Amino acid sequence: MTTLSETNANSRRNIRSGGGLGYTPSVESSGDAMMRLIEELFPICRSITGNGVRKTLATLQNHITLELNEVPSGTPAFDWTVPREWNIRDAYIARQDGTRIVDFAANNLHIVQYSQPVDATMPLAALRPHLHTLPDQPDWIPYRTSYYTENWGFCLTHRQLSTLTDGLYRVVIDSDLASGHLSYGELLIPGEIDDTVLFSCHICHPSLANDNLSAIAVATMLARHLQTLRLRYSYRFLFIPGTIGSLTWLARNEDKIGRIAYGLVLSCLGDAGGMTYKQSRQGNAAIDRIVAHILGHDEVSHRIVPFVPYGYDERQFCSPGFDMPVGCLMRTPNGEYPEYHTSADNLSLLHPESLVHSFTVLRRIVAVIEANAVYRSRNPKGEPQLGRRGLYGAMGGQRTAGYDQIALLWVLNLADGRHSLLDTAERAGLPSRQSV
Amino acid sequence: MTTLSETNANSRRNIRSGGGLGYTPSVESSGDAMMRLIEELFPICRSITGNGVRKTLATLQNHITLELNEVPSGTPAFDWTVPREWNIRDAYIARQDGTRIVDFAANNLHIVQYSQPVDATMPLAALRPHLHTLPDQPDWIPYRTSYYTENWGFCLTHRQLSTLTDGLYRVVIDSDLASGHLSYGELLIPGEIDDTVLFSCHICHPSLANDNLSAIAVATMLARHLQTLRLRYSYRFLFIPGTIGSLTWLARNEDKIGRIAYGLVLSCLGDAGGMTYKQSRQGNAAIDRIVAHILGHDEVSHRIVPFVPYGYDERQFCSPGFDMPVGCLMRTPNGEYPEYHTSADNLSLLHPESLVHSFTVLRRIVAVIEANAVYRSRNPKGEPQLGRRGLYGAMGGQRTAGYDQIALLWVLNLADGRHSLLDTAERAGLPSRQSV
Amino acid sequence: MTTLSETNANSRRNIRSGGGLGYTPSVESSGDAMMRLIEELFPICRSITGNGVRKTLATLQNHITLELNEVPSGTPAFDWTVPREWNIRDAYIARQDGTRIVDFAANNLHIVQYSQPVDATMPLAALRPHLHTLPDQPDWIPYRTSYYTENWGFCLTHRQLSTLTDGLYRVVIDSDLASGHLSYGELLIPGEIDDTVLFSCHICHPSLANDNLSAIAVATMLARHLQTLRLRYSYRFLFIPGTIGSLTWLARNEDKIGRIAYGLVLSCLGDAGGMTYKQSRQGNAAIDRIVAHILGHDEVSHRIVPFVPYGYDERQFCSPGFDMPVGCLMRTPNGEYPEYHTSADNLSLLHPESLVHSFTVLRRIVAVIEANAVYRSRNPKGEPQLGRRGLYGAMGGQRTAGYDQIALLWVLNLADGRHSLLDTAERAGLPSRQSV
């Protein structure tokens, strides 16, 4: 259950600082494999609905047997409604001579998500309110959406905007916004018991690598790995569009929510930063303690941050009517790295070793969940005589017990039917390092 | 309910460091108005009984409709008894030639409170045990009392004492110590509910400005202000002599004590120091949390100190048989500023802006008490869709939510029928800045 | 109940830093008396069984009326069994010419405890695995045991080992390992109630002074002192071999365990270091709070360390089937001073003033246990009028109450039927300094 090698606090470091982590992932979950999957998904123009989502899920199905769900537009989801489906074929701004100066084909961030169809010629003054840039990052294209307000717009670099001169521009957005479906993927890996561990990641962002292709790849490989194991808990993976996806899933699965004993929203798992765990709304749920334990004994630096009702789909899972034990595992959180929600969140931001480390942390978390039993000693009165079982040094009088011996004594001492193995590891200050 | 402007910890400062606080008090509660009231009260020779108390209460009645109470000497109050009433007309020490060298008419601190009548001529050696000075502060007159032990005495500067030569002195104290009454003022502002908020201040000190004319003035203006409002809670103001006054009030009002949901003893509210809150004996009463919240988000520095059974009338309110939720709000506490209980605690020690700030803090405390409800969301499952209600930015993808939006999300998230608005503000780390 | 002299944190110091402690122990518990007892016991070759233990107990009987217990080999004690009895008369390693180069007669640490009889001549290569030294401390003889694995061996200085040349050596161990008894001493001092305070120390170590003749001497003098007093609690002293002794006592006295309300294992009480308290497994037992209070207000530096299931007989008392409120009081703990379990843990390591200080700390702990009542005020409403009882300064207005007055006010304020005197002292931040 625990290996008891010494934790050397000095050896903690940021992934960026280099050096191998010493993990030996299987081939199918190697950093290269995850990078290949991400590279395949990167060019797809995803949104909260549409064919980009379907194509993404179809790609994941090459690795795991996802169940695909299609929910019609107009379906209610608590206070929300599944919106119309958006698809886009082409979009550009062209000069009078036909030269495309902003072209969706070049980067699908150029279009504001859910832009309505447009075909018009207009002066710059009329076009300008529909153009979005980042003056502070003049070479990056921002990512913008307008899901629930009818609008249209283009995103471009500030440098490009500054070259635009007065005059007329041709504006074309060849998009559909029509009744259709919201698509999401789901995978249940049944275990011995119905109690469930939930992993959820959002699949609605277009060409953004860390947010959230990184987590999609890690979750896919984790699901693939868990499918090969014999597990006590059941594991449910959701690949869903943000907000409306989790709301829709919750509305359709209220009967299953009570069985979710642990849950993690996964995002931003491929950058060079240390780990960040955002606690569940409960703050002291078992998942909160487990993640804190794993990260607290990990070689890589980490932060634990309290729940705030802003972020990813933990907002919905932790709404007051559900208050589920769901936290959010990230490396550098949303909004805290400069490339967030810009064209600079691209493949070059990802580190294969970060993907592998995130994957390893998740395997360790699963290992604790699987093993976190409460034991009761058969010899609770006094210590069991370890020596005659070959578990204690034969020669007495030496200075100190070794780490293995201390761990054994702690497990025996707290095997009182009240302390879990996690309780024991925490009280002993010893790491749980086993991995599934 | 909350305004969400950013708290800048760096901008916290001591009032003494200057600069305006930006409060805009109404005219009748301006610093000037409070100073004028204090100046009017300052010369009166108050004690725990007597005409000085009556004259003080009559002055307050120019501002608020105080109910006057007269309790006969000899009335029991738990382990205590209302003492004889003390009045003094004149007192002095004169040389043989009739020159008054210590004269009550010059400063009413010159007389030890409750001094018995004396008319005698005596050598310095006989007089000396009756003279009180502050050797460490040779220019200040101390304040001394002998309420419950028959005695007499004079207080003077140490410098003055050192000029006295051997010889005979005429000593005259023209005082009465006779059966009479203990006087106190009371004001109840009825609200929608009988649950009551208690504000109490002591009115027994003679010409001492910060302790406690400052709090008398602030409490008077607070009562006057609350009388103009429609309030949920009832508010009870006590203007009472220290110790015997609170004991007498408690003994006569035991039936009302259980309705007191929040209480503050007010003292020393006009000096230049930051705020000090002394917790109730309970330590975690609602009033303790509310004051800590208001001070914690205030621009002025503050301290929270635990209850100790020494200080002002919180000693009585927090005695084990009552254990009321009553703390004590001060600026610099009793005994911690050098001028305390000396003639240097005079008008020059007061700062109008400190009086106004103390008044503002109390209005904010009242605002939290009034507003501190527990809400339950009508849309507890998932977040309500704020966008279609015009409460969320239409253009998505930008870096962070603003403060107003975060506050709104917190209120919605904690509207679960278990969290009060104060709980919400504390968990969110956001200030409650509304004021009644 | 409490003396209220001020604690001066700056005056805390390590005993080693010199100066008198100002304690005035009675003659029979003076440092000299404890040193004389230790000197008498030091040469005896104790082990977990055998005549050395009997001789030790007989020596203690010169001071206290110990009940002697003899438990036959083979008696079960939970998961353990009372081992065979070991006695040794002579042991040595000699050169071919008969010169003894390692001789049990010179230091009884030279023999590995429970060594089997040997009489053989062998080359150094065969002898070498049976020789134990401390390479890092080349002049010290280690202490080694092999109670539960059949073996034999000698301990010697590393310097001595390095002089041994190849060749044949005569090896003689004249020992018995045969069915016999385990011996221990017990003393019950009955009090008014059956609730019991347990003091336990191990008596199985041979010529080691701090571990544990120091605690044996302090416990003996404490028992002797308590026998002269009229006590509320009953006090039980155990002088037992480590591990098997406590297990045997527990197995034979399960009916008494529930009455043990407080307990301390005593060890290493004579060195120059500050105090160390290792908490019970419960961590918040009354004994844990009491010892923390006494040490927290003591002049000598101290550490509180949490329970770990490694150490002395608290391992058995705090096993999950008992989980008794038993901590461990030490000065420098086992394994943390270099001389631990070596020939350097001899009489020169002990300081008479440390023994006296340890004894005084224990007397203060007993005083708190004896006095730790819960009071209820007869005048709970408001403060009692202390002035008319001569318990309050007659002249009012002075700056602060004295320490005695504050203590009195705290006791009255917390005399609510819920707070013990220890609760009161802790909340007041005032020391309990009375001693039995």
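Read from first to last, the chains carry the letters A, B and C; within each, the first residue is number 1.
What we mean here is this: contacts are C-beta pairs under 8 Å (C-beta built on N, C-alpha and C of every residue); 3 or more make two chains touch, one makes a residue touch a chain.
Computed from a predicted model, the values in this text were never measured in an experiment.
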item	value
Fitting chain A to chain C on CA atoms, where both chains share a sequence, rotation angle to nearest 5 degrees	120
Chain copies touching (chain B, chain C) - same or different residues, decided at half shared	different
Mean-CA-position distance for chain C and chain B (Å)	55
Touching two or more other chains - residue numbers and ranges from chain A	none
Interface residues, chain A side, partner chain C - complex	377, 379-385, 387-388, 394-401, 405-406, 409-410, 412-416, 428
Chain B residues touching chain C - in the complex, by the definition given at the top	77-80, 112-113, 132, 142-149, 151, 243, 246-247, 250-251, 281, 308-310, 315-316, 318-323, 335, 340-341
